[in-house]
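The following blocks contain the structures, represented as structure tokens.
Note that subunit A is present in both complexes that follow, paired respectively with subunit B and with subunit C.
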Partner chain A sequence: MDKNEEKQREEEREQVVSPWEVSSSGKIDYDKLIDKFGCQRLDQSLVDRVQRLTGRPPHVFLRRGVFFAHRDLNDILDAYEKGEKFYLYTGRGPSSEALHLGHLVPFMFTKYLQDAFKVPLVIQLTDDEKCMWKNLSVEESQRLARENAKDIIACGFDVTKTFIFSDFDYVGGAFYKNMVKVAKCVTYNKVVGIFGFTGEDHIGKVSFPPVQAVPSFPSSFPHLFSGKDHLRCLIPCAIDQDPYFRMTRDVAPRIGYHKPALIESSFFPALQGETGKMSASDPNSAIYVTDSAKAIKNKINKYAFSGGQESVELHRKLGANLEVDIPVKYLSFFLEDDAELEHIKKEYGAGGMLTGEVKQRLAKVLTELVERHQVARAAVTDEMVDAFMAVRPLPNMFD
Partner chain B sequence: MAYSKDQLLARLKDLQIEFSQYEHPAVMTVEAQAKYVGNIGGGLSKNLFLKDKKHRFYIVSALADTKVDMKVLSQRLGLGKGGLRMAPEETMLEILKVPLGSVTPFALVNESARDVALLLDKGFKAQERCFFHPLSNDMSISLNTNDLDKFLKSIGRDPAYVDLEANPAVGKDQPPDLAAFVPSGSTVLPDLPDPASAVQSAGGSHVNANNNCKAATEKAIKPAKDVQNVKDKSAKAVNPSSSFTDAEKFVEEILDRISAKLLSETKEGNIAQQGQELGNEIANRLRKCCYPELKNLATIFKNTAYTQGFHAGKASSLTQCPRT
Partner chain C sequence: MDKNEEKQREEEREQVVSPWEVSSSGKIDYDKLIDKFGCQRLDQSLVDRVQRLTGRPPHVFLRRGVFFAHRDLNDILDAYEKGEKFYLYTGRGPSSEALHLGHLVPFMFTKYLQDAFKVPLVIQLTDDEKCMWKNLSVEESQRLARENAKDIIACGFDVTKTFIFSDFDYVGGAFYKNMVKVAKCVTYNKVVGIFGFTGEDHIGKVSFPPVQAVPSFPSSFPHLFSGKDHLRCLIPCAIDQDPYFRMTRDVAPRIGYHKPALIESSFFPALQGETGKMSASDPNSAIYVTDSAKAIKNKINKYAFSGGQESVELHRKLGANLEVDIPVKYLSFFLEDDAELEHIKKEYGAGGMLTGEVKQRLAKVLTELVERHQVARAAVTDEMVDAFMAVRPLPNMFD
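This part shows the complex of A and B:
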């Protein structure tokens, strides 16, 4: 191994971002990630363009740079301007019943996109993936998929424009034909290179990537998009999913389809700090959608990593370290009012506001959010899930 | 409509239940009751009206001598260590329709008590007769447990006798042995006169659709000194099968939320101007803060309507004979 390779290996070792692992020795360096993956920064001019085209204020996640990277978003917007619609595709790997706020982020943003652009949406529940990677039984992963579907529906998707499907239920027919087309275009070596498979990994894993790739192609959904083979697709997702879609974009032109466009988000930090993703297996690393107001307040007070100083005097003098402060970070995700957030950052950064006050404000914001979600979740019946998951036409999907 | 003592006694006679009745001055404790009926043969009962953290209610009726450990009972029901409390007096009146000192299994005859669980001491079975208050503590009636069972079955209850003194281990491999007694529907309390804090039921529990209350709201009952905080918590428990399927209830739900926000905004807002300007200011703030909440509700309404239509459509195409 020569000197350059060694150096590159070392750099890569410090930060790991893949669909199955996100970790870093320090803070995640998103600029490096954009460079490494080869996607584009979502700059202010694009956000302004979205605002112009949709005629409404851009979503808080766009204004605050939560969704910060993209591929070909400009092409989607160009086409949209000319009257060409597109559809949205996002998904969830149902590995646990407990959903936390980090899981909701892409769905909240996708709902905004559906409302703002008035386009249809397909949501893939990769129960097969979790069955394989997490070694769940088929029944358990299917059950989790349905449970997660309820929380997803509770995010407010419009049933007349949304199709939710689970791989175990839907794979077959036109979908499977596309899977085979994609699979034929990706060599074993390539897939090992992208996803890091080894000789010990079972063949289920190796043949999974096409399943996540083909919802990007409208012909996979003949009941929705028949006759619309050139409908474009926009995929909102977290940036760790990029490898799947790099592969998809590589294959698309070879089988005669548009490359799907992507709009990617950063990770929602854990309560304890920015060194990685929230983990569904550590209950105190995250705020769950089932948490009560009391639990939310408790978790924030006890576990949210504070950038404030150790004593009130020191804090008044030096102010808070906004770089590492979690409450402010969370507020930047969920506090709608730009002016209020600026005010808090200014005062807290200068030492005028104390950690307790910021945490209190955060607790209020998150409680409102979670309570609204719980109301909606309580209204989702099994029949409603059946309706969202039924293979049915959506005649009003562009209305 | 609350059952009265006389109505209960008449009903017992109708059911041909054999009982003896003894009038005495109102008694608030078993000791006081014992002064009047203690030396007539039969077991005196002590009756506890309890509630758990999720506002479910229980009557525990035991022989006066049976030791009832609330902590143990709580664990055996699967409510954790401190899950059971004495229910406050207002709930006794609202749900059991009896005043303090008159708790009795017979209170379950009231419709309002239909979700209250009943635990009976197996010690009753060993007695020839047992004493209970017939909805009023100025009388005691004694009857055999078989007759009590007859009454309970007549109101649709399955009488179950439990060893209340037992203290079985509860853990990972030993599930709580009384868990089956925990009511599955939450009790819906009718509107109370003073504003109590509105509490939201956690997602997942489906409230019983069959209730006559205006809007199915679940309110936390707190003792008189601990009062309300309507300001921020305007979220209420929502019954999916009425607020989102009935246009009237839906509109009421919306107006409730708007009023709540209106109140909170006028308290918090920096209102310097008066009159017209005030009106505009409030209207704007209201629009801003109500929009996401109301949009959420409207989407649920739409999705619910579609779901019902979808299933109706499926069912109607199944009932039509396919032509070959």
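This part shows the complex of A and C:
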């Protein structure tokens, strides 16, 4: 097989990235995804600009390229530089009780954005989506939404700047009017092109994209943004959500709003290796925020795919393949100390450090993270959930 | 052309009856419609039963076959006979400011049903539907909904038993949850089969059928029917709405509700003749509730299709063709005196009475009706509209 054939074969490898499926026979090719989706690469100059504008060091997810793509982030920053604030919108489909580390990534990053830019945030819990896609009952979807809200709140959001809502609670009024306005602008053929629905899919699926679209428009939140129809919106999310917002951006100017800007992350890989997102259906593919220190240690030791060599001798000689090594990948998400990370990569890559040592370091980092989360979550009361989810004005949200 | 060919030709004549289009090259064949839709004929024994159960003479629309078809009306009456009440649900798509007489038919009949059975009533104003189908703005659709509510209230509904709502105001909460439950049960292929949508139709159309379906379920109105999930629903409507409720009846048992029962009317014909519904786009095809006595007289004289003969001599000899005569048809809707109607039909059919005389009688009947409506509507204040549309319990709705 010559080089060209190889390349062709590679290109033919299935790489599916949609809001409901992320799969690939090899590593996800994020460059290809940027090309396919038509978004922009988040380059160093943009990271530097964020640092300059916010006066604080960029989040580890930003400086290490976890958030690697964007749409119109420059426009948001141009406006911000002129003194024009914006709001953040992110969300979660509450399909499972326990979140894993991959679920925390967008929320940890959004918390940083909220603090750095001092802007309000709306968080959508799409319990209606999960009720429809996962065939959960309305009640179970709502229960999961509330449980997930506790984990989200535990990430440290500012209640004076944050509105969390579940679709089953909140759809109606101005939000529903915007859903209708969006739905009028999108043909069935268009959603088939974007989302790949078939005639055998139920109409709930066809009806849903406007529900995820309209939090991008300030008028969907009259208790927050009344009279601020031209407020811009920035959406931090994983790149599999891009199809929703391509549709949203297409519609926005036709109904009188700015296109929402996006800042998009790669996927947090499964313990077994970097071929997609972690799977909620396989508990051994992920570290959960409910895992004990022992469970974390065991999962890492047993399942984390190693780039180390088969024997200590060989490893000392060849070093680890950092490209495929999951412990190093995980550390690059959660070990904040740049110098230490560089040290590990250098030593491990040269064979001076063994997989066991790296895994041990990772277990410590993740245990600290998870235990910190567990303490924070245990402190989230039902009253706090009610407070975040109350439909209320936020008088100091731009301070 | 022999008889068989003629019959075949006749059957090939396009007869389209959908929620958005009613057209036919000849008279609508209602028998064929009953067969096609699979509903039941409302026969004399059922009319007698309604009379017996309510202890009052059946409405003129019932005894003259204007409401001519039904689904499961017997079940509603069986339950009613055992002391089990039900609720009524009807609606209107507010696409125009002024209603014509055809628009009043379901409301006049629903008012009779409410009085005769002493049951609560919900009236849906589908401003969202009209916003999507007629490309009206949200604001204009809502304005029309409120204007139409005034005409509806002028029909004499009991505010202690009636809840009028606009979708833009009311969609949300329990109503939205039921929309999602319905949408989960209906595939895109299914709605295409029922409603004939195409891929070029916008997804607002695909999303709408559940909105019209869910008022059939008592839990959509927790302020009225909390804890009464097994309350039955009877829907008076024109037969073009049957597709929505075929879908609703299909879904109902799968999500734990009774199938709604239906009582369905034929269409009030245009002045120009009985080939479909009146058209809102041709003001000369209909008598509007805003028309003056003079306008009514002129429209009837100028446009009402006559079954009379071309000359007085011929008319005296042959008599009128009552089958195609619009003045007689209109009188059969609105002249309440059975004896007088029979007299007119006999005399006019035999040539003893001329078209001009019949038209004069009709003008008097309609002018009285319209002027009575105008007086009633002028008395409807904004406060009354607010009262009917307030989301509130109706403690005496079953008395």
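Points worth noting:
Here, the second predicted complex is superposed on the first by the 386 of 399 C-alpha atoms of A that agree within 3 Å, B and C clash if a C-alpha of one lies under 4 Å from a C-alpha of the other, contacts with A are read in each partner's own complex, and residues count from 1 in each chain.
Keep in mind that, in the parts below, contacts are C-beta pairs under 8 Å (C-beta built on N, C-alpha and C of every residue); 3 or more make two chains touch, one makes a residue touch a chain.
Only a predicted model underlies this, so the values are computations on that prediction, with no experimental measurement involved.
Between subunit B and subunit C, C contacts the larger number of subunit A residues.
In the superposition on chain A, contact is made by A:Ser292 with subunit B only, not with subunit C. In the superposition on chain A, contact of A:Asn189 is made with subunit C only, not with subunit B. Looking at the shared chain after the overlay, A:Met397 reaches neither subunit B nor subunit C. Shared-chain residue A:Thr381: touches subunit B; no touch with subunit C.
Contacts of A:Met353 after superposition: neither subunit B nor subunit C is touched. Overlaid on A, the two complexes show subunit B and subunit C touching no common residue of subunit A.
By the touch criterion given at the top, residues 153-154, 156-160, 289-290, 292-293, 364, 371-381, 383-384, 386-387, 390, 392 of subunit A touch subunit B in their complex.
For subunit B in complex with subunit A, the touching residues are 200-206, 232-233, 235, 237-238, 240, 243-244, 292-293, 295-297, 299-300, 302-304, 306-308, 310-311.
Remark: subunit C residues 128, 131-132, 135, 138, 167-173, 176-177, 180-181, 183-192, 197-204, 206-207, 209-210 touch subunit A in the complex.
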